[in-house]
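Here chain A shows up in two complexes: once beside chain B, once beside chain C.
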Partner chain A sequence: MSSVYLYAILSGAPSCETGSGVCAEPLRTVAFGGLVALVGDVTQLPPASAMTLRAQDAVLRRLAAALDAVLPVRYGTLLADDAALAEALESRRPQLAEALRRVAGCEQMTLRLWGDAPAVTPPAAAPTEAGPGTRYLTGRLEAQARAGHVPELAPLRAGLGDLVREERAERHDRPPLLATVQHLVPRGAGSRYVETVHAVRDELRPWRVSVTGPWLPYAFGEDAA
Partner chain B sequence: MSARRPPLEVRELDSLRAELERQAALASTPRWNASPEDVQRSVARLVLTLVEFVRQLLERQALRRLEGGTLSSEETEAVGVALMRLEETVDDLAARFGLERHELNLDLGPLGRLL
Partner chain C sequence: MSPAGHAAAREILETADESLLDLVDNLLNRGVVISGEVMLGLAGVDLVYLRLQAVLCSADRVERRQGR
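Let's turn to the complex of A and B:
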């Protein structure tokens, strides 16, 4: 018995052939409530691996060239049938439409921050005489505020200016990998982005950055909203 | 474009690999299945996942109230100690059953993960 494998949400029906998917199955589009889903009918999905992820990426990149927006879905999203697909889309329709608008005409650049230690941040605001419970909660509050904050990149942000439409940052703080930052930039702006990063590299010391991309907007889907 | 990108160092690649493996483990959260060979561990995983879910809800609420200034000093201390001890208890019980933190989660299919 086959299942419906959801690859992506598209901004419209592609003008080119949809081609075949990771299981060599023919791909098709399903329109529902203003959304267009790219799906394939599969009996069994290969486990996630570098090879299968690249294969899925290649499928989506080919279609992205013919569309304004492609919103990739997490690898392995299987649904029982088209009715289950319609139900899943309906439950998230506003969020998916918003995510499509967000990534339209854009691609993703990925920046990794490296170093021996993160930037020193001011100590938590808990009073020195505070008990363990207060220190615990204050520490959590500080960690929460710090989670998406990468002050080490301040010189770069100034240089990138309006090139960056949106940012998603995740701190790791496991040296040497300190943070991963995803930037949504206009399609075709990747070279300018890399040149800008290169230009401010010295200002970022003692931290180092590496850039990969352009990618499809994997970090800017509905889950990331 | 790639010619201007300096190569990564070996230790940076090792660090990146470790992070990707950690994320892959998070992404492959299994659905809950009671294994006949290891029922106690399976039940413990489910129960601890639900306790952790509730703990995180309570913590978020406490942080919202702390930010909003609607907790007195005494309340902040009491709630903080309670949440801290609950977290320690979850960690302790998880360790007893050989469970890692990332295993305390449930894949809810199209709805995503519980935690």
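Let's turn to the complex of A and C:
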């Protein structure tokens, strides 16, 4: 018995052939309430491997060239049938529509921040008489506030200016990898983005950065979850 | 980790195929989560899987380097 494997939510029906998926299954689109889902019918979940991940990305990249917006769905999203798919989409329709608008005409660039130690930030002032519980919670609060904040990249942000539509940042603080930052940029702006990063590289010292991309906007659909 | 081990780990991390790491990160860890029920099992595994991939990749590279 086959299941419906969901690849992406599209801004419309693609003008090109949908082609085949990671299990060589023919792909099809399902239109539902203004949303278009790209799916394939498979008998089991395709095994996760470098080959299948690359294949899934390639399927979506090919279609993205013919569409304004492609919202990739996380690998391994398998639904029982079209009715289950419709139900899942229906419950998230406004968020998905908003996410499609957000990524329309855009692609994702990934920036990694490397270094021996993160920028030093003054610790939050915990009450001097605080007990261990308060100190623990103050520390958690501090870590949470710091999570999406990458002050090391301040010189780069000034250079990138309005090239970056949106940002998602994740701190790791495990040297040498300190943070991963995802930027949503207009399609075709990838080379300008890379040039800008290279131009300010010296200003970022002692930290180093590396760039990959352009990618499909994988990091900019999570609000629809 | 010993200083030598730390240096090796740094070299592995910085010379790894970053595009493949990104692909693993993007497809397994990101993207729209459309079905909580279906993803629950996978969500419990994919983070572990992601880390396991990185470790296996590193170990493999270390072994090859030592074998030279």
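The rule we apply is simple: the second predicted complex is superposed on the first by the 221 of 225 C-alpha atoms of A that agree within 3 Å, B and C clash if a C-alpha of one lies under 4 Å from a C-alpha of the other, contacts with A are read in each partner's own complex, and residues count from 1 in each chain.
What we mean here is this: a contact is a pair of C-beta atoms (placed from the backbone, for glycine too) under 8 Å apart; a residue touches a chain by one contact, two chains touch by 3 or more.
Since we're looking at a predicted model, the values are computed, not measured.
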Touching partner for A:S191 - first (chain B), second (chain C), both, neither: first
First, second, both or neither for A:V39, with chain B first and chain C second: neither
Partner chain in contact with A:Y218 - chain B first, chain C second, else both or neither: second
First, second, both or neither for A:H172, with chain B first and chain C second: first
Partner chain(s) touched by A:Q56 [first = chain B, second = chain C, both, neither]: second
Contacts of A:A99 with chain B and chain C, given as first, second, both or neither: second
Contacts of A:T77 with chain B and chain C, given as first, second, both or neither: both
Partner chain(s) touched by A:P132 [first = chain B, second = chain C, both, neither]: first
A:L156 touches, of chain B and chain C: first, second, both or neither? neither
Common interface residues of chain A - those touching chain B in one complex and chain C in the other: 48, 74, 77, 79, 84, 88, 112, 114, 176-177, 180, 210
Residue ranges of chain B touching chain A (in the complex, touch as defined): 1, 4-6, 8-9, 11-12, 15-16, 18-19, 24, 27-28, 59, 62-63, 66-67, 73, 76-84, 110, 112
Contact footprint of chain C on chain A as seen in their complex: 6, 9, 48, 50, 53-54, 56-57, 71-79, 84, 88-89, 92, 96, 99, 110, 112, 114, 176-177, 180, 210, 212-213, 215-216, 218-219, 221-222, 224-225
Contact footprint of chain B on chain A as seen in their complex: 48, 74, 77, 79, 84, 88, 112, 114, 130-138, 140-141, 144, 172, 174-177, 180, 190-191, 194-195, 198, 210-211, 223
Touch list for chain C against partner chain A, complex: 10, 13-14, 18-20, 22-35, 38-39, 42, 46, 49
